[in-house]
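Chain IDs A, B, C and D follow the sequence of writing; residue 1 opens each chain.
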Amino acid sequence: MTVISKEKKGDSSAVSTPTVGEQPVALKIAYIGGGGRGWAPGLMKDLLLCPAMQGEIRLYDLDLSMAKFNAEYGNWLQGHPDNLSKWRYRAVDSLKSCLKNADFVFCSIEPGPIQYRKSDLEDPMKYGIYQPVGDSVGPGGCLRALRAIQDYRVIGEAIGAYAPNAWVLNFSNPMSVCTRTLYEVFPGIKAYGCCHEVFGTQGFLGRMYKRVMGCEKAPSREEMQVNVLGINHFTWIDKAQCRGVDMLALLREHLHDKGMIKVYTEKDAPRSLFGDSNQVKLDLFRRFGILAAAGDRHLAEFVPWYLTSEDSYVRWGFRMTPYSYRLERQREAPKQLKKEFKSRVFPKVHGSGEEYINQMLALLGKYPFRTNVNLPNRGQQQGLPAGAVVETNALFSENSLEPIASGALPDNVNILVQRHVANQETLVRAGLDKNRELGFQAFLNDPLVNISTDAAWKLYTTMLRKTGNPV
Amino acid sequence: MTVISKEKKGDSSAVSTPTVGEQPVALKIAYIGGGGRGWAPGLMKDLLLCPAMQGEIRLYDLDLSMAKFNAEYGNWLQGHPDNLSKWRYRAVDSLKSCLKNADFVFCSIEPGPIQYRKSDLEDPMKYGIYQPVGDSVGPGGCLRALRAIQDYRVIGEAIGAYAPNAWVLNFSNPMSVCTRTLYEVFPGIKAYGCCHEVFGTQGFLGRMYKRVMGCEKAPSREEMQVNVLGINHFTWIDKAQCRGVDMLALLREHLHDKGMIKVYTEKDAPRSLFGDSNQVKLDLFRRFGILAAAGDRHLAEFVPWYLTSEDSYVRWGFRMTPYSYRLERQREAPKQLKKEFKSRVFPKVHGSGEEYINQMLALLGKYPFRTNVNLPNRGQQQGLPAGAVVETNALFSENSLEPIASGALPDNVNILVQRHVANQETLVRAGLDKNRELGFQAFLNDPLVNISTDAAWKLYTTMLRKTGNPV
Amino acid sequence: MTVISKEKKGDSSAVSTPTVGEQPVALKIAYIGGGGRGWAPGLMKDLLLCPAMQGEIRLYDLDLSMAKFNAEYGNWLQGHPDNLSKWRYRAVDSLKSCLKNADFVFCSIEPGPIQYRKSDLEDPMKYGIYQPVGDSVGPGGCLRALRAIQDYRVIGEAIGAYAPNAWVLNFSNPMSVCTRTLYEVFPGIKAYGCCHEVFGTQGFLGRMYKRVMGCEKAPSREEMQVNVLGINHFTWIDKAQCRGVDMLALLREHLHDKGMIKVYTEKDAPRSLFGDSNQVKLDLFRRFGILAAAGDRHLAEFVPWYLTSEDSYVRWGFRMTPYSYRLERQREAPKQLKKEFKSRVFPKVHGSGEEYINQMLALLGKYPFRTNVNLPNRGQQQGLPAGAVVETNALFSENSLEPIASGALPDNVNILVQRHVANQETLVRAGLDKNRELGFQAFLNDPLVNISTDAAWKLYTTMLRKTGNPV
Amino acid sequence: MTVISKEKKGDSSAVSTPTVGEQPVALKIAYIGGGGRGWAPGLMKDLLLCPAMQGEIRLYDLDLSMAKFNAEYGNWLQGHPDNLSKWRYRAVDSLKSCLKNADFVFCSIEPGPIQYRKSDLEDPMKYGIYQPVGDSVGPGGCLRALRAIQDYRVIGEAIGAYAPNAWVLNFSNPMSVCTRTLYEVFPGIKAYGCCHEVFGTQGFLGRMYKRVMGCEKAPSREEMQVNVLGINHFTWIDKAQCRGVDMLALLREHLHDKGMIKVYTEKDAPRSLFGDSNQVKLDLFRRFGILAAAGDRHLAEFVPWYLTSEDSYVRWGFRMTPYSYRLERQREAPKQLKKEFKSRVFPKVHGSGEEYINQMLALLGKYPFRTNVNLPNRGQQQGLPAGAVVETNALFSENSLEPIASGALPDNVNILVQRHVANQETLVRAGLDKNRELGFQAFLNDPLVNISTDAAWKLYTTMLRKTGNPV
């Protein structure tokens, strides 16, 4: 069968060009959090390039001054010469004002002051537990979860009260726990979690394809059909096809090509904090036969085999993100933005590569759009409990988001995932009930916690105390 | 939120206009059966209007002369002034020649001579069992299933041998049993069952919308988002939205409007054999709270309440299709075609309303396309066993067909469906193993078989004998 | 392996002889209902023969005068020359007085006045629905269930309040629905349902064994190991061994012996209202391969094949119990008792054949005792939902009643049972919520209701009205 | 309710006294393995005290000379003055001769030469993995499993061929894997695994009861009703009652009494290799709320928290069993026996405390007997997959062994158990298929394997090589 070309397919991640003559849709968007980070400006730029929507965006942040500045910045950006749309930004001082009758809600929060991250990342080290990211699982992810649940309870209840029909996009980590909390406190919510980690793995597959097949340009993500399973940051692909080729068979065949599986040393490991040599991914593929599909920094935290000593990350070709970096970024990001704003020189705008614009347009009825998202399990993922938040493909269409049935993980991978699913359910319960002992069951069950229960209890309660957690 | 217009959406059932400059895809299509019926000419006309595909179509029928005539007819049709494509039709005398390296396989067969339908339809009447269609369930459907399984075993094995990568579209009834048999004999098959019965229910909802909302034109099927559950011909819709309106809530509100629920009599019941007054649909909706989504003639056969006496169909506003009609149609359809062919006057061509062209284009990678199809359950339908063939929405995309997770039916509807699912599994097993006693368990379990087991065994074995069944 | 003799085994149904020197246990027993029936005197006699227990029995009945008479009768019986125990009977006028700190609770009630049975049994006949018993399923069983649920809600709540630690033995029908209601309103209850229907089937097997093996005496029930599955009155046996012989294999071999499977006529059908020719049992065994284990009068009501016309029961060798008999018995039973009491001549006492004495002694720690009972499903019955009341073997031991894992029914039998389980769950929900429409879903789903939904609604609401049901 | 005394209950572990006048049952017992260990003599003594059985015992061991000696020893023991029975011992040189028409089969083997245990126990230490026992899980248990599966395949197939109706008692570790293999190779087998680890926990509870209640004598195991869940050596109790007292509530209340939870040091930890301070048990109870019921040495291997450093076992109050001890015992046990035999002085005989005599008598129909055993899951353990070998209570009765439905473990304990169940299923598959990569998935998934996958692969393949494993 001759393969046909793919241009202008609906599932392109490129921002769609509006059909001439169509009126833009008028929307109310609530933006919760994101004050001190890059998310809000990224959204502003993406919206600016999309003429199909317009309206009002309300910015709510615990730091009202940041929200105010962001509003000012956003309104200024409306004057950008590339602007194709019409939005009004407004800082608000309550969840209610932010949410009232919103069509879409964006959540992107830091649970607690950034200083709590110090304990998340550094206290576990004292017990020999190393976390490259520490925001999804591991002791840091666990404590962050118990904080975030408190915030998401408030947010979920407010959405139930003021914007029950809105589509809610969650961007905060721990993704599964935050999204699960929203459904727990307001079961009627239309929320989902967005994460781009799978994209990176598709990029890796594309580059392998290019090298092996000798084509000029790596196939784009849109050309690849992948079946996604598992949970956020511990996501798996058991089928991938591209231009008629079985990509996993190809990978299997070329797994031992030069430069693929490799033992990294301090000398050749990437310098960047976010560099990814795909070694964890490939090792999991080699051991379990299906492909893990998230950044190695994340994957390494979900199993006990890659962070066994202070510098084991080097062997796998990635780096730890230290607390100092988190603190610095938190401080610098707004400074940069303010500087830009003061300069009155418009920044260059281009798509962020995130998919929310496509998702929104699909929900508005423009076209069907398939991608991977985080949703409560209603059968899309066999072998994991109903209700748990899982990551699979889903179909966005007019006012509708339907998970696609993805089958099941192989038993020996499923057991690795089940463990985290059990923990997420436990953390949500423990956080909402403020049940310290129950939370500790999840803490103990984390694959990185291979210390004595005495030590674990000490670490757990110390971290709870240092991060002001009510649990 | 302002609702936007829907023109040019990917999920339109209209045959797509090719993008200028794209090359048509070259395909090999195997057509099994359909010799004596309208299906083949319908496909020919649909293909003729679609410039995106071209190639060869091999026609295989037990009646080789019919296949030959159809090939001649199809090749003649290529001269039609409206023709946008380029196909070559060829009659073949073996499944192997038909299937060898096919890209798509169409199956549309009559299991056994049409004369067997006489027993399917008329023998049960002697025991007070009335079947408006008798091709899915009921004694007639059961016997037809036991015949069809023999044919589908042969077809499935041939596909496994000669066209293992083809996409297989099944159109024969009993849909669930035929599709299930294909997967049983060749588990790697890429088969699905196509049926348009849900469309009719969408049409009914659209007309109600028009009447109630007072708009000029009923919304098209493409404007309606429905969640489909259940099995073929006993399909259910638990969510339907259109232009922002909850259609089932609307129906509930207007259920007792004049002309909706009504007791039909011989005088006002439709005369047409295929007329549908939607009374069974509405009664099921009224009793169970969710909407049955197939023609009333079919629905009535899946439960014991609508065919309780010789003329009960009248009260529900539909008719029985007698054997004489089946026989007549079988004889007349080819005569018409031959007459047309001899006349050398090209018929008018217009889309058949079937969706296979959209499905094929989606599988070729043109666009994502969602519709309801029949597939083995891999989680898309909670509450029914894995592997059973169920009808839910699914997403067609490049070389990919993925079921959409549809949730579960309410318990009291699920129990009605489970019964038929158990029967389908039993029939497939009984048919493949030629196990007469096992087949009888399914026969007895049919909701129309409310006669003594003595009588049922006599009816069953008589029908087996009269229809030459090896079971 | 030489088979050893069985005398004096713990699982004997004979009332146990107390070990010399053991003190009797002092108990408080609450007896709810049973005023007008034979149950209470039966218990009195069984207790009288068992020296291992003594204490107080409080009798509660809506008809206080009957309770008073029963107390008087019971206390009189204490003077019986065969009496081995010491009990004090007391009539009470409230559930509270009856239950306060009870060790055991017996429930055996008639839901509503006996006159309601007229509608249960006779109204369905007007629609061609015939019920030999009409107290478990069928329209009569359904309506009786909706009444009983109201009573059992009150009883369950009172047990929760006044006797939360008591063991509760339910004897009322519909067994599954009554027991399920108790667990629904007081989940901590220690209740189970007792029924002797399986015993009859064991007797039938024993007699077949005697005939076929030519032994002098049929083996007793205690010598037979049976695996019990299903639900009350629609119970199944998939394994039965006796003296090393596979009894179901034996039955299969001799199924067509003279006198086994047979078509009964008015002439040779038993005259007794409770006669059982085992034809339904054998027909189900023949069709489905496993043995139904309840009286034919009950079994016939759970499927649609044996009650297809006004006199079809004759062909299967059993009789209908008419309303007139129910009414008569209700009136006569107390009269007999009063007559006996007045005569001052002690009746002969012998064990009733019921097993409650063994069960009580086992719960008091005397010995382990296995028998079949009705309990919520916690895994003992695969293929049926958790929580539904099922009938399987269970082990009684000190203050403990544990279901024995019984595996699963064959699929085609399971589907027959699932239907009734769904109905029981629906009836309990409908009864507790007083949801008339929901109750109708169960009514429609009953296998005997093969009439139009119009007719069914009329019958249902008529019966509700005539039996004063608040649903 | 007055509590009654328990003497002479059927579920006593004391060997039952035969009823006067009953004939002993004549049996053929096959004994596989046990040549070099204490098991066979233990059985000989237990049998000698039980007059209810007699017959022939065939001894089969890879070391035929040991079997011969054991036969000689057993026949000599028949002259013991306390002997109440009549057995003939015979050494056989093939599985066939051993099994032919056996009524009971005992399996108690050492998979491979004892020298393989050196690698099981000592190689993992080089990677910081410490195993007190190393025969159930951990790298040692995993490798031992892969060896034992090879033996059990042969044994299972031979039982299928020569003794398909025998009751098979397995005593070898890893218990779950060995028993599972038997069912995998001969699904019709009547096998179960026997283990006394739960008894120790009952003893611990009894002593606590005595201390807290101030009674003179601790209640015996027979007086305690426990509900058993989980798998062998990682078994749990969620309910325990004794003399009307909730033992787990009592334990909870007294958990922090002096001497209960305690940090042991080298000074006060027991010296005995088999000493058990119950600290792991109590810590698991404290953290998860239900009681682990096996020796601490076993429990510690199933989770990653108690063996975190070379000497962490000291803190928990137990010891490691070194390879040297295993070797020594293997060499000394037969020597002792031979010495005894030569001395011609009969040893003292008393019951071993094992329960097989009770189990056998129950299977012969003497009385019902409940205890905990290892059986494939058919619903007795919710939350674990069907077919996996689990440990719950079961009821032995005439030629019948039925698991008792035990409910489910709490989610956070279940996840700990699921992991091992997945491993057992994987090991059996890997062992039977000789699939080295699949076996490694189980190895990696073991909770003690918290080393890098590179190191783990090296350790795994080294151990496979050193223990001559064909996988």
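The working rule: contacts are C-beta pairs under 8 Å (C-beta built on N, C-alpha and C of every residue); 3 or more make two chains touch, one makes a residue touch a chain.
None of the values given here were measured: they were computed from a predicted structure.
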{"item": "Farthest chain relative to chain B (centres taken as mean CA coordinates)", "value": "D"}
{"item": "Distance from chain B to chain A - Cα centre to Cα centre, in angstrom", "value": "42"}
{"item": "Intercentroid distance (Cα basis), chain C paired with chain B, Å", "value": "47"}
{"item": "Chain A and chain C, separation of their C-alpha mean positions in angstrom", "value": "58"}
{"item": "For chain B, residues contacting two or more additional chains", "value": "none"}
{"item": "Touch-based graph of the chains, sorted into line, ring, star, complete or other", "value": "ring"}
{"item": "Chain-to-chain touches, reported pairwise for every pair that qualifies", "value": "A-B, A-D, B-C, C-D"}
{"item": "Chain A partner contacts - residues on chain D that touch it in the complex", "value": "263, 283, 287-288, 304-306, 308, 312, 315, 411-412, 414-416, 418-419, 422, 425-426, 437, 440-442, 444-445, 449-454, 456"}
{"item": "For the chain D and chain C complex, residues of the former touching the latter", "value": "1-11, 19, 22-23, 25-27, 52, 103, 225, 227, 241, 244, 364-370, 378-382, 386, 393, 395, 397-400, 402-408"}
